[in-house]
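Below are structures written as structure tokens.
In what comes next, chain A is part of two complexes: it sits with chain B in the first one and with chain C in the second one.
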Partner chain A sequence: MSIVTLANKATNNVGIANSLQHILTKYLNVFIAPFLGILFFLGIWSIAAQNIQTSLGVFPGPSAVLTQFSSLYEEHLAERDKADAFYERQEKRNAARVAQDPNYVAKVRKYTGKETFLDQIITSLITVMSGFILATVIAIPLGITLGLSKILNTAINPIIQIFKPVSPLAWLPLVTMVVSATYVSDDPFFAKSFLNSMITVTLCCLWPMVINTSIGVAALDQDLLNVSKVLRLPALTHVRKIIIPSSIPMMFTGMRLSLGIAWMVLIAAEMLAQSPGLGKFVWDEFQNGSSESLSRIMAAVLVIGFIGFLLDRAMLYLQRLVSWDKSNAAL
Partner chain B sequence: MNPILDISHIDMVFPTPKGDFTALKDVNLQINKGEYISLIGHSGCGKSTVLNIVAGLHQATSGGVILNGAEVKEPGPERAVVFQNHSLLPWLTAYQNVELAVKQVFAKKMNKKEMQEWIEYNLTLVHMDHAMEKRPDEISGGMKQRVGIARALAMQPEILLMDEPFGALDALTRAHMQDSLMEIQAELNNTVIMITHDVDEAVLLSDRIIMMTNGPEATIGEILEIDLDRPRSRLDLAKDEKYNRYRAQVLEFLYKKQRKVEPMRKSKTENKVKTPITSNL
Partner chain C sequence: MNWLKSAKVIAFAVIFSSPALHADEIGFAEKEELTFGFIKLTDMAPIAIAYENGYFEDEGLYVTIEAQANWKVLLDGVIDGRLDGAHMLAGQPIAATMGYGTKADIITPFSMDLNGNGITVSNEIWAKMKKNIPKGADGKPVHPIKADALKPVVEEYRDKGKAFNMGMVFPVSTHNYELRYWLAAGGIHPGYYAPHKSDTTGQIDAEVLLSVTPPPQMPATLEAGTIYGYCVGEPWNQQAVFKGIGVPVVTDYEIWKNNPEKVFGISAEFAEKYPNTTIRLTRALIRAAQWLDENDNANRPAAVKILSQSNYVGADYDVIANSMTGTFEYEKGDKREVPDFNVFFRYNATYPYYSDAIWYMTQMRRWGQISEDKSDDWYKDLAKKVYRPDIYTQAAKSLIKDKLVQAKDFPNFATEDGYRSPQKHFIDNIVYDGKEPNAYINKFSIGLKSGDKL
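Moving on, here comes the complex of A and B:
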């Protein structure tokens, strides 16, 4: 074997080693590092938890929370079985009465059992999305208007600046009173508690969206504005074809900020107002004060975090789908 | 011969905190149909201001611009502009960018089929028919500028205004673009005003070169008629005596008569810094 082939073989081996190293680094970044991070966190949590004594017993470690997840799910299934049984009994009873007396109009009552953990998650999700969508419907047109008119922007800016730093929770008592005074109906389509939480969420979602949209609109490239002028685009076409597409990346920045804040605020509002949702679940467990309460609260905390993360990811995917500016929507 | 465009004694004064700044003083120029005019001069001499006044994007402080007997008061598609930075809408494909202009200008005159053919014709003219469905961020700088030119041509303007159309391109791409432009010009014979920094570009493309003095109070210094036969070839002209004489005349004007002593100003592109997003939340 000549020296040249030897040398070639050596470089080849180096090449293989290099690509192997490359793959390793990639896996290290994507899987191993986060996995190690989580493992480290679980270790610290577990050790720390054992050493914290509360009046409700030892602080829950990872394993206690894990068992709690499965028992929460079992409770949910049990509650569903109860509900099914209730409706079955009701149906049978009504059928029997109708058989006896054909003129009898059967009454159908709703099952009024306790809401399970899963029910509360769904309630919270529906509330946060409704509040967020309502805020979007108000904030985007308002933001566009403010971005287009400098005078209007200067007029409204002080109001926005004052209301923006107000914690939406401070609004909650006012919202509650206004809703109960104005939303009077015998057969309400929405529960009042739902409206309270939703409006509070809307109030906190508004500002980041209004501000970001108006900045995005006002920052329109002068060149693009000139294109629109040269083409003599009518005002509405100008907004539709130039203004809105160019400010979409900023709109999404505002929407993502809003949704993040909304989720945090909603949990607090539900705790404070005792409206159904994950916040109420946490508060009820705290008031309940059983030996399992802390681990159930910890399970809720993890779920809240995970849902918040998913909501942000969902917005990001939506942004990638809608926005032309992919650089702004990198995962 | 009746000129198609009459730039009649325009002054441009910008109010500044330190008092009025007279950018242009008594700029007077008549342009005939089918003429190719270059405006050349140092940075900051007000070339762009002249173009913007013709486009209607700026209003002259005194004097006025008359196109086909009517005064220019606002921007319009009959004075299409090719901007230095292509100014394509980044969310639209090349085809859609041209379509936006065609739909606006020919809304009542063409049906859908005719519009489609017209858009495709113009994109073919600039050799961009192979990338009609590409968006601006997927094509090179030269290609973007081609689409920008197609968009302007598609408006079928009375006069085509070009603000340093090839200024942001590298030398080789620029030469390509100049050849393309001459080819298109041979076919359409548009009336064109082009701003340029490039002496070769001015001599190669123009019928007349308007040389502007340095600001403030910039005005037309000299006008050079370029009497070279078309079609022009850059290779043949490189050895052509007449061509080199014209070239020397422009160079002499720029670097001897109007030599700039002050440091060069920042170019247009450098000034464009987008405001960061997060700081304003």
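Moving on, here comes the complex of A and C:
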């Protein structure tokens, strides 16, 4: 064996060790570190929880919250059974009534029982998405217009700056009063409580989108602008082919910010207005003051956080899908 | 396929005919989908039971029951039609019809319960009060505890320049009047209202400052030290005992034995537009009340189980059970029998007596919410407008006909004039006769009398 081959072997070994180390670091980063982090958090949580005495008993630790998840799910199933029984009874009652009173138009009424935790989650998601979509529909065109015209931008900027920091709770009473005064209908398609929360969400998450879009549009590359001028693109084509594609990264940054705000605002609005959703769930449990209330609230907190995280991730993937500039959409 | 479907329909009709369909005279409900509001208190039980036991459905009513944030939100809901009806403070329909607060015609065909409230003070106040309370042979404080024991404590705070704050649930609530009655009976002035000078705080000349806190928030507000005591319905007094943050000192049963409490309120417009629905919902509520008191409260544990669900009252079973099953825990460990703490059906609890309405009006006059003298007839006319025994009677008679209730459990409808015979059993031994409201007002040493105006 020559010295050269020995040396080669050694380098090879070093190479294998290196790549092993590389894989390890990668796994450490992706799986092990977060796992350890969560484990550490759970440990701290359960130790701290045991030492916090409230008037409703000990603060719930991880295991209490876990039990709560399963009991919330069981409650959901039980409620579904009750709903089935309700529909069955209703069918019989309607049939009996039709037999007695042939002119009666039997109608199937929705289950009148309580909303379960799962129902509340879905309600909240629908509300937040509706509010967010409405805000997007208003904010993106507005942002583009502002970005295109410097004068308009300076004219409207002070208004945006003033409304941007307003808390949702300040808007809510106004929204409630306006909705109940203007939305009058005998058989309303939307519930008023839904409109209240949705409009509050819209008002609060409008601003980051407007600002980011207008900045994105205003910061348009001069070269692109020149190209557009040389080609004499009509105004609409200019917006469609040049402005929108180039400002998409900023637009999405704004939308991601907005969706985060929307979710936070919604929970607060539901809490205050007692409109159905996760916020109401939390407030109801607080009011109940039963020995299980705290762990149920904690369960809701975790779900709220997790959904917020998922929403953010979803926006991010959407952004990566449509955006040419991947640097803005880093994980 | 069609013939199969109709055959199915007929088969159902033959097999399942609900009692509601036999109720002759009363037609089908005009409005079948209803929303009722309530505040998280055990005395909302008739609504929950009528729902859970299917009494509403028997009447062809599909009811959604919604907890409300506070009494103001609830009343506004009934006024603007968001709610079709609600569990209300007896004073609310009266005050609304009179125009104290929001003006609206609200009526009540059904009285929901008797008693059920208590006054709780914080541990600190209790320690000071306890010295002034005589002890019985068993070493426990003698009940009923009068506000005389609280008076030196209030004076001590006032001498130090500290305001003595207590909570009640609404300006026209039973609790406000009961707390005022108890304080005034012990020589403590709870303060006047002067709506004609737009002073609706109720703190003129007050030695104890009363303010509004929603019932479920009472224990937390007491714990935070914002108030030193409160008057509220169950389970929020027992909650204070369980949490170890306060001590209930007196129940309203001891302040006025078998006092009328909540009512079921609907708008006058609703009752006019949907007469069948109104009678039908009253029928369901009467049946629920009967079930709650049946066989000496035999169904109470089952009722407590329902109430402890998170969509109803939501407090722990044990907390609710304490008062609902006939005992009341004062100081921790001092559990006493109060079989009539919550009465839903006995003693004609559900009949809307004019005299009950008038008692509330006398207290509104006593504390200045009614700022001027009114004639006895004015009191009686207003009571007639708000309390509707006529609707109740129709509902009860049809239930008797359907053999769902017994006539012996109701007043004699042929002779009943809507006034209870003069009532004794007040903590200060003053007799109340609903037929003479002005004479009654003049009997109190603290409070406005005939001719007084602030």
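Keep in mind that, in the parts below, the second predicted complex is superposed on the first by the 309 of 331 C-alpha atoms of A that agree within 3 Å, B and C clash if a C-alpha of one lies under 4 Å from a C-alpha of the other, contacts with A are read in each partner's own complex, and residues count from 1 in each chain.
Note that contacts are C-beta pairs under 8 Å (C-beta built on N, C-alpha and C of every residue); 3 or more make two chains touch, one makes a residue touch a chain.
Worth saying up front: this structure is predicted, and the values here are computed from it rather than measured.
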{"item": "Touching partner for A:28 - first (chain B), second (chain C), both, neither", "value": "neither"}
{"item": "Partner chain in contact with A:291 - chain B first, chain C second, else both or neither", "value": "second"}
{"item": "Touched partner set for A:257, first chain B, second chain C, both or neither", "value": "first"}
{"item": "Touching partner for A:227 - first (chain B), second (chain C), both, neither", "value": "first"}
{"item": "Partner chain(s) touched by A:180 [first = chain B, second = chain C, both, neither]", "value": "second"}
{"item": "On chain A, the residue positions that both chain B and chain C contact, one per complex", "value": "none"}
{"item": "Chain A-touching residues of chain C, taken from the complex the two chains share", "value": "8-10, 12-14, 16-18, 21, 28, 32-33, 40, 51, 54, 57, 60, 62-65, 67-69, 73, 80, 82, 216-217, 219-220, 223, 239, 243-245, 308-311, 313-316, 319"}
{"item": "Chain A partner contacts - residues on chain B that touch it in the complex", "value": "55-57, 74-77, 79-81, 83, 85, 87, 89-91, 100-101, 104-105, 135, 155, 274-275, 277, 280-281"}
{"item": "Chain C-facing residues of chain A, complex", "value": "55-56, 89-93, 95-101, 104, 107, 109, 112-114, 180, 192, 274, 284-285, 287-291, 293, 296"}
{"item": "Touching residues on chain A, where the partner in the complex is chain B", "value": "208, 211-212, 215, 219, 221, 223-224, 226-227, 229-233, 237, 241-242, 245-246, 248, 250, 253, 257, 324-325"}
